[in-house]
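Next come two complexes, and both contain chain A; in the first it sits with chain B, in the second with chain C.
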Partner chain A sequence: MRQTAFAVLALLLFPAVPLCAQTQITSTIDPTKAASVLRIAIPSPEMTGVTFTDVDAPLFKPLTRDISESGIFAIAPLPPNVTITPEVLQRINAQLLLKLAVKKEGEDFVLEARLSDATGAPQFGKKYRGSAAALTRIAHMVAADLVRSLNGKPGPFLSQIAFASDRDGHWEIWLMDWDGGNQRAITHHGALSILPSWSPDNERMVYTSFAGGTSEMYVISRRGGARTRISTGLALNTSATFSPVSNDIAFVGSVAGNPDIYVIKDDGSNRRRLTTASSIESTPEWSPNGRQISFTSGRSGSPQIYVMDAEGTNVRRISFDGDWNDDATWSPDGEQIAYTSRVNGRFQIRVANLITGESRILAGEGSNEQPTWSPDGKWLAFQSNRSGKWQIYRMRIDGTGIEQLTSSGENKDPDWSKKSE
Partner chain B sequence: MMRKYIAIAAVALSATACVSTSDVEKLQSQISDLQDQIAQLKRTASSKEEVQNVNTKIADQTQQLLKSNAQLVTKVDSIEERMNSTQGSVEQTNYRLDRMVQQLTQAQHDIEELKTAKPAAAPAAVSAAPPSSAEVTVAPATSGESPVDLYQTAYRDYQRGNYDLAIAGFKELVQKAPKSDLADNAAYWIGESYYSQKKYREAIAQFDSVVTGYPKSDKVASALLKKGYAYIQLGEKNMGIVQLQYVLHEHPTSPEAAKAREELKRLGVNSK
Partner chain C sequence: MKKTSKAFAWTLVVVVLGLFAMACPKKPPIKTQPPVVESTPPPVVAPPPVETKVENKDFVQEPPQVKQETLPSDIEELNRVAQNRGYIKDAFFGYDESTLSADAQAALTASANWLKGDGKAYNLLIEGHCDERGTEQYNLALGDRRANTAKEYLVTLGVDASRIRTVSYGEERPFDPGHDESAWSKNRRDHLVIVGK
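For the complex of A and B:
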């Protein structure tokens, strides 16, 4: 059902229509200022043939939430029932004004967004069109366009988080928006299916499933549908992860019960073994340039994070704090690695800088595991049992702004999409 | 055994039909044969107990063997454990060393800076020395960037996939501070950056310079192995094989040797 909604959305979303010639996506605002927070006023939308309840939850709430969490904008509260003038904006110290207008055209909603500075000079304008089911997607698109108009990057608003959920009785692969909205199942194996990992083009996912009785890797489109099994000729076949630069998949396979890191093409050809130690090697993850692979190894007696060249050479250990480190994942710029680190008997998220060697602990209550970076590198999603059940949370990379994204059943193995859109 | 006995008895019975002396003799000899066989049978029967004994003994010994085998396994396990923890402390030490090297390199750089900054006359003294050919071109007027800064910037570029910038940065470091303890790492990363760009010829030359320039570096085995891989990528299989065999010869116990062995196997070449 949701898949059809998406197909419809794709048809209905017209290409960006500039509202007038001078409102291109260029900004007169000093880009150096974009680094600091801009105060933005968002008055109640103009509505034609639409009630506020039609659009509040699906459109305005997610839009204003995105804007306030962008790290670029802070929403300047407007006094009620006041005509917006430059003086009013000045009084509330707003540098920007976002005007929204929604009308109904047949079954479609049409949203106009216009951004101007405090003097009224237009900064950005765009028209969006879609069905009721597409309104939330539109909200995220507006937020992405706004942020891009100011700093050239779309932010995380259109990214997706894949995860595993048991809410329907079996562990299956699910997807959600960056804010936890729009949660939907992608697989329906009726058998344990876990550990999803996005392809670099955001189109596919590879995951582990026991659908055939033993643990195997499958590739599926993010729209669901048919899945392909990757036959490796090995046992275990888990922790699969796509190379960001090729169609290689790194995974954990085992021969005679000894798990090692392997790489295989997504069509099951050209299998190569990268690690040869007698210890357990697990959880491989590619660096963003596709030339390094991090993994966990017990070769020093306790699980620690190592990095090797993509050929399996030049192995060096990078985790030195904590007696148990696992689940390493690279920041999009390749400079930092986040991982699960046991501190005083409890698992926490640690972020280590590969260049300087410094590391710091994030998160708090309960056990916090399996971090994954947002494509803009400003957020981490992770799983925590702080509520008594495993749920997926999101926080800024400084550890602030923690928010619970899932609540139905138990939810684990988050993997944030690699691209922002 | 019983089946044979019965068969012989049957032969003896059928022989009674027509009897001659030679027949009787034959029969007697057959009977004596039979008696022998019975005696033998009796003997084997008595040795059954012995068999039992032997069996118990064997079982005991097996038990003992198993036990000592189990002890061996535990011993191997504990050795492996010890090796692991040794590996762990080696890694820790290496890490601390790396950090210290960076600090030391930084400190050396700072001292040099102070030295050159103080007496403005110093450079004149240097230029007074006889100009030794054109090689004095050295690095471009030092930007004051320390080797550590250079290293970190270049490594950052490498991670971001800006290989040309990374190569330039690492090269500058090698040029400016060839004796620094970061130089061998930088030299390796230049090779790896070329490899990442699929510039395998340049990579081979660079890995060579790691091996010849820093023969004691911990990157040598990796450089040799990557050189072999580079030849294979170029389609020069024989050169690759020679190179991989060289890794086995030079660093037989390294993890790189295990990788080389595996690659040789994949190429259909036997190795020790």
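For the complex of A and C:
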């Protein structure tokens, strides 16, 4: 009764609900429940001129997987062949209902998605149109829109993970969707190409390739095509990473065997040296606001994580546990750093809170390295050799929900796109 | 007397016959010896060394020529031969180390001698390699330091710095794909590669 009253009030306040209703859900759903997971019912889709096999694997499976992994929704199982009524929804304890209808118009598929609460009050509605090849992208778009309609943020469903793979005989730079789908090669150097890193606008990647006989930095569009070599005048040119706020690239350069952290503009101009110690420095990574850079240094006698201001000043050590730490990467809110930490002779992912100084290990089998945060800060992708080969995995930041994303050849160096879409 | 002498003569005959009879079975083994003698001709073929000695005396300049012919023109084959014969030697490192051990210094000294002598027409690429126990990104930097440590040492031994290039492969290209110390110790190295003139 109370819920219905709220819904009626919501309808009066927002008469034109069908396509945007982001705030209404808070008026119909108990706020304490909204903070945890919402139970959502998803009946079999209505199909016109489309067979279930046309759309099951490319559309419904990834969509329901996204929804169930969103951390916001839990799918409430529906009894088969039942007409959906408010009573049915109440019986299965569903707070939301997602109705899907898909039809074919020429070569295009048209998907209509409508979200309503248990009383039938509309929360969200949108039409999506695309070719058969676009169906999986549509699935991720629907999931992103659903999550955004509830908490204002799109979730990780449209983000991309760049990585290196040797499946075609050489290490090349590849891309995949957040769930491991749609894996495709971006480079075709036929050489050793590794360590991709996204630009903040998700349009480009910088990486290291030995295509010219020695290691050099290249920039390439996410769509592939021509690559640009960034001439640094230094050796190594590894661990390159775009600044989140400018067109600077931080990287490891070396003169006469002394690797240090350098910054250079993406057109190859204005090279600056940030570290000057005689020890080995490696693996720079910008803080999300671009004001600080974390890096690895052997200055204490073993590789440890340090943070400095983006000008190279104010250096302080932040890792004290583990005899080999590397691969530091900042959470999107800048409060945590995940890194590779050797514990009892095995590499594990460690997450350190920069405010409290505390850290925790996300333990797993095998060696686990190179963590990278999802743009919503709720997931970490990393590489592990637990299967006997290097593969890329994904887990929640509490270490649960581990899923293997790659399986062809060996795969490593994951870097999650900085933007959600 | 006659009887005794006759008897003596008979006994002699018997003894001699007996000796013959005993000796007879021993003959076949003696006969089998010739095949053994026949199987010895190979030693007889041995003389050729003498012939080559004669050649060496006749052509004093020949040894260096022979040596040059064994250096293949194909650069990969040349590297194989040079490594096999120890003209150039890879330098090995301790775990997370980039300093040169006595063995590594000896290997580089041998390499420097060849580079300054018979190999003076060639340039050198030093590849720095690491074992898999470190992390990929730090190991790329460590491999760079290892390669440059060897380069500096070769330069102090008189090899022109302009002839030496370095590259780090970190842990990307292990020599031994195994996952034990036997493999790791092989993978922590500066690999010396002869490159074009």
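Things to note:
In this text, the second predicted complex is superposed on the first by the 386 of 421 C-alpha atoms of A that agree within 3 Å, B and C clash if a C-alpha of one lies under 4 Å from a C-alpha of the other, contacts with A are read in each partner's own complex, and residues count from 1 in each chain.
Rule of thumb we're sticking to: a residue touches a chain if its C-beta (ideal position, glycine included) is under 8 Å from a C-beta of that chain, and two chains touch if they have at least 3 such contacts.
Just so you know, these numbers come straight off a predicted model, no measurement behind them.
Using the contact criterion defined above for the overlaid structures, shared-chain residue A:Asn314 touches chain B, although it does not reach chain C.
In the superposition on chain A, A:Asp145 makes contact with neither chain B nor chain C. Of the two partner chains placed by superposition, only chain B is touched by A:Leu354; chain C is not.
Contacts of A:Ser302 after superposition on the shared chain: both chain B and chain C are touched. Of the two partner chains placed around the shared chain by superposition, chain C is the only one that A:Glu281 touches, whereas chain B remains out of contact.
Once chain A of one complex is fitted onto chain A of the other, the partner contacts of A:Trp324 are limited to chain C, with no touch recorded for chain B. 298, 302 are the residues of chain A that lie in the contact sets of both chain B and chain C, per the superposition on chain A.
Those residues of chain B that touch chain A in the complex are listed here as 80-81, 84-85, 87-88, 91-92, 94-95, 98-99, 152, 155-156, 158-161, 188, 192, 196, 219, 222, 225-226, 229, 255-256, 258-259, 262.
Remark: chain A residues 273, 276-279, 287-292, 298-302, 304, 309, 311-317, 320, 333-335, 354-357 touch chain B in the complex.
Against chain A, in their complex, chain C makes its touches with residues 96, 98, 134-138, 140-142, 144-149, 151-152, 165-169, 172-173.
Residue ranges on chain A touching chain C, taken from their complex, read 171, 192, 194-195, 210, 213-215, 235-236, 238-239, 252, 254, 256-259, 280-283, 296, 298, 302-303, 324, 326-327, 340, 347, 369-370, 412-413.
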